[in-house]
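The two complexes that follow have chain A in common; it is paired with chain B in the first and with chain C in the second.
== the complex of A and B ==
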């Protein structure tokens, strides 16, 4: 059969393994499975259910942030203020809770702050046409400064008696930590959004070729604002889980390297900074890979410096691998010469 | 291949005493199991212009890159002056006197002409003055009017090319390969360029000339080699060939000519759809005025920089005309000024870009998705949830109507031929149900066999009652499809012809003077 009947649309599944020309997600998935088996056989205490659940729980916050970053990197943008939005909005919410504001209202305040920052970011990028990299970098500084002046403490603690607030981060459902459900739910919703809606298609189109998208009639500016708002929304959800897990919010993380970890999991899984490539699956696979490595290092008692070196090497390896598998060679350059 | 051999012999009569400066025997290059070129026997004599023609992907570039050392042949030999050579990298070929002048100029824009000429051969210390004087002498000896101290970014395309050629001569090139040298030159510059090429030939330089414009190859070349699907079809003296013969060799079959016909109805004017009155944008478009009627094809000819692309983009909302004294554009009598192309699309205007790679299609997506996105981006075609059924229905219709190669539908669009890519870009815009369609260079980089399909579609759209504007630098195309021909020069419409009375000479005269 030369090709399917014309009425059957070509089905392209991201998960289908094409051995002749695997994509980066598939390679990272294979490496992840190999590591899982390798560590499971060699490391004592790795392949236990509680450890694996702990592993998944530990990556869920990174994963939720990664979903937002993945979305915006697919659209050829970036949002370096994501961690700052998470910490800043929740720091203010927690200080309000300490002052006696009802918890529900405080959470909504955090949400409102997060979304407002997202809208401002989006407007700066879409309408003022400033580069997203600098807009969001600057936004990170401003959020840090503002949040610190409202809530002048390195660590802000959640109120003691707030089980509802703690549930998403610290609770268990069927013996499984709730953060895993939050991550999975967010991933599924994001996947459906990106692959089943026309807005999702437009995001890919924008990342692939913004000018072509504009000339095709895609409303780019509202789309860019929407993307930054979604990033802020995911930052808020990640913050909710963070507060529930740790019972506090640390302002230090704004100044730390967490935002690079978020970019790392996104890029490892095959979401290219060029835009238009990769999917939610990339984020999940990238997260799990990093989670396995960090978990195994903890069991092996590898120190922090070595962990950082290995993280860096994994990132480089992912990029080199991608270049090796998809070379910009004569064959592709020849097309339409 | 018998006729090939006899024709080659006929050419060789005068040349048999001389030895070729360059000889490729049994040249083959394999990419991922596929022969890009195969069994190529090619020779080149000093003081000869040898044109290479063929469709996209026929192997012209591959052959020339192998000769220039940019890639290595999988099998076969290259001989220069009778000695077998093995170029590991472009530098080796350069040392042997082979230089390739690329389509996209390979000059460093921020450096001066003189610095670019010396690029790659810099001494440790050179005084600017010495450098400039040397470059000046070289440029003058070649009769090029280029100031060596000007940064290349400030030079026009034609002068950039002169700098490239000067660099080749500076590198003592004996064999120069031109890849689409006239693609972005104006007709006057092309005439000058041909003088240059003849001058180089008189100096004994051997020239390989790659061009899409067959007329040019016939005009400038001594011999022409036609490649098809990586194989050499024929090598023959240019005098023994004509355009039709070349096309036939390139395509390997008779090309359907004249499958489109002017409709009779076009002459009886219908509704005036689009009126452009005194539109002005900066120094590029000045007081441009014209109208377009439903059911006709208006051709806009003009040189690069005449404002023809800009006026299309202004109508479409991709560029903005002056706010004050910017003129008026009316759509069915209603004045319009679009902020973004989306508004133009909603009003039924389509603009099909001249540069599909830069802003025409989405390279990571398959054919169906490219077509479907165009539809989704319209007000009526939008639906929040994607529907595979709607996508296939839309794509099937356009694949069928435009004869897009259906076997390649699962391939990403970058893997398609230029002609199929262009058809997908057409489908993306035409699927938006426009009533005005503006084509900008509809057949640039499109294989010869596909051009009649696109011309037929242009006529068909007009016959369906749409107003069609075709902007093209290729005059035979303008003459073939238009009912009415406008000529733009320095931002104005300076002449208007009926299809019956227009000739290439008349149009060119209006465009230049």
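== the complex of A and C ==
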């Protein structure tokens, strides 16, 4: 059922079907609502409008990154260099801004760098045929090393007088933080792309069975390059929001566990690692769930390392559950992933 | 083309670097040679640029630093060979380093207990991975990645609580100090242990059943499952083993450093992965040895260590390692995919051959080779009942045997050979045959060697290998295509192995290549040994021991010549040309009743084919660009049988110019006044009456009985 959500039957029958056997998105949605109610009742200061908006704002970067990761996981790939692309490209842009380059040009430089990395990743995966996991893992280290040699600082600050740059991350529209709109906009565009365009459908086809897609005439290699470029593009947008939110870019995040949060968001929401399953809705649901957890941890003042352990265990559980719900076919399983 | 130009082309094509490369690529040991060279080059570079690098003291201290990383790389290597990956190696290492210190300093266990306890911790952590990957069938990459995050967080949490304790305590134990700074025979203890572990692991991986199972799972999980290998269990234990190796590494590190911090083992999984892939352990699984993993680990270790000593910042090192990993992964994938194709493309290397002028076969010419139609009316035996009888032979009871394509020896008996039976099934492609003194039918079987069939039909092996030529890359100990054989008066079996580079199905390529790839081999039944007597022979085909038993006549199909090899007499061991100019490609040679020899020509030379023999480049392009059935070949649709005398003079010829009943004639036997004809592609055995031949002569008597002319 690769085209599960886009090709859904009429709503009534779908509802009946779901009551019999709920899919992962709906399970996660239920858990999310339960957690929301639970934390709202037990945690002081959780169920306030400002905290909830803050929660949404804080997950929007994760969400934008998750949209990119979701796209590539649907195509049965993965991109572990997404956070590195975000931090690396923007670190160089910020250092250029500090050196006096106009902000607009610096942003375009960041975009160009991000897209170039995406193209290189895509070529390595599509044409050299190296496994995406290894390519993007190694790419993360290369990006870190190169970015650090251009911008040798752990934290790079954005110029103080750049309201346009800050607007997407720090601004407010109708009293709601702009990052939420950016996330929502990106999610809608991504949803339309995945469900309404032929390229989007090809991505599902590729994820479901790459060989069948290739034999039916899908130009697989350019498609893979496109997917990696789109991931890089979303990383750039996320970076724009990040810079606006924090006024800086931290190189530490490349080596941190943020990329696993992104994978977590995607896998938890029901985008299976076997590819071809899930949708943008999965990313949103997964993102909200993780956002609630992180927000609650912050309120409860849980140690960062403990947070990592809990997230790790949740991700492990998600992977096991994913494997249980969508078992790999022993006969067609590929090695090394 | 002038003679000078000819010999120039001949010498250029004689030693072909392409041929060398194609045979190098086929060797298993060729792959690790490349990283090994890189390793040596790297060491030399640092030895030249860093002062005091190439000293024994520095080497020993490098070994001490390296050993712990070596263990971790070995763990990673095992997981990769099993088709998975273990990204938690660095974190397990750090956790075990902490555990060892915890057991010693906090629980104050004796060293003899702390070590097994730490190994158990490693095994337990590995078993979590193993349970998830082996039994719950999760993806190794993500599973171990998450384990990495969880364990790393645990180590950081525990470090903050216990760092103070570790810093202030010390253990008063000689054993613990020995683990940290001791040496065995001058080699640091951890490096010595690593070496022993490597040896054990090598034997485990390459010589034990479980090691083979592990490799089989990595090569193809599906096939391993179908073969009944307990995939889940083996995978489980692979990760446990990985955990134990990391724990061993952690113990040595703890003994050496007696401290733990948040950077212990950080990034080791990444370095180990780079190392192992660089060493040539395939990401796809199922390929690799512990030594390859170690070569890669040494490269990465030397590189990182060298860069640090040259003052290169860590982020540059990180980028360098990343680029190396990208390149190694790319090369690994492309190599695995294209190695076979590359070998296929460069394996055939035609050489220059200048054939002697072909004698005329024109009808009515005064030459003994003049074409006639004496075979057209040959009587057909077993029409459509035999599949390509390459050789035919008759026994003393007048029964007719043919060696056929389907691996059988077919026997025809009865007054008109109407009774057909499968005398024996050998398999392979039976070719030349001969009866030994005990009336066993000895058969040269392409693809298998030399086999015998007892009179009751029981098949036995005579030999299937010969001595290996020590300087050849290509292992030529196996008999690839035993073609024809004959038996000397002393019972020695002489047989031709016509190619050491190709097989029965591709022997056309050997003829097109026209290189001396074949050889003559002798099996001595007295000592039961097989020795190559003539190495480097141009496609030896028919073999016949001369009537007097003192020499061997050998037909070279690609050179269109007959050679004589002396078995006895003053010229013993020498080879000389007996017939220089033949009108076609000779096949089997057999004795005739009048003291002469029969020779079959499997193909007739054409001017174009002769020209092609002098144009190796043309033949190479033909093989690469033209489909097989369009290749230039000798004229195969003429059948020809010759008779020649002891001096190598052709006497008479018998032809089937139509090619309908007997094309590609490969064999003929004279028996009691008749000549029996066999052909590689024929659907029958032919028979013609010979005028004036000795009607009591049969092959067995000529070899072993009253008609034998063996002298001395």
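Brief remarks on what is shown
We adopt the following convention: the second predicted complex is superposed on the first by the 297 of 337 C-alpha atoms of A that agree within 3 Å, B and C clash if a C-alpha of one lies under 4 Å from a C-alpha of the other, contacts with A are read in each partner's own complex, and residues count from 1 in each chain.
We adopt the following convention: contacts are C-beta pairs under 8 Å (C-beta built on N, C-alpha and C of every residue); 3 or more make two chains touch, one makes a residue touch a chain.
Computed from a prediction, not measured in an experiment: that's the story for all the values here.
Using the contact criterion defined above for the overlaid structures, shared-chain residue A:128 touches chain C, although it does not reach chain B. When both complexes are overlaid on chain A, the residue A:277 reaches chain B alone and has no touch with chain C. After overlaying the two complexes on the shared chain, residue contacts for A:100 are found with neither chain B nor chain C. Once the two complexes are laid over each other on the shared chain, residue contacts for A:308 go to chain C alone; chain B is not touched.
In the superposition on chain A, A:219 makes contact with chain B only, not with chain C. In the superposition on chain A, contact of A:175 is made with neither chain B nor chain C.
In the superposed model, A:201 lies in contact with chain B only, and not with chain C.
Judged by the touch definition given at the top, the superposed model places A:263 against chain C, while chain B stays out of reach. For the contact definition in use here, the residues of chain A common to its chain B contact set and its chain C contact set are 330-331, 335-337. Chain C meets chain A in the complex at residues 83-85, 132, 136-143, 145-147, 149-150, 152-154, 156-157, 218, 221-222, 225, 270, 273-274, 277, 283-285, 313, 315-323, 325-326, 329-330, 332-334, 337. Those residues of chain B lying in contact with chain A across their complex are 31-32, 36, 56-57, 60-62, 65, 71, 316, 318, 340-342, 345-346, 351, 353, 357-366, 368-369, 372-374, 376-378, 382-386, 388-389, 391-392, 396, 399, 406-407, 409-410, 414-418, 421, 428-429, 432, 445. The part of chain A that touches chain C in the complex is made up of residues 124, 128-131, 133-135, 137-142, 144-146, 148-149, 152, 257, 260, 263, 273, 303, 305-306, 308-309, 311-313, 315-316, 319-320, 323-324, 327-328, 330-331, 333, 335-337.
Those residues of chain A whose C-beta lies close enough to touch chain B in the complex are 2-3, 6-10, 12, 195-202, 204-205, 208-209, 211-219, 276-277, 329-332, 334-337.
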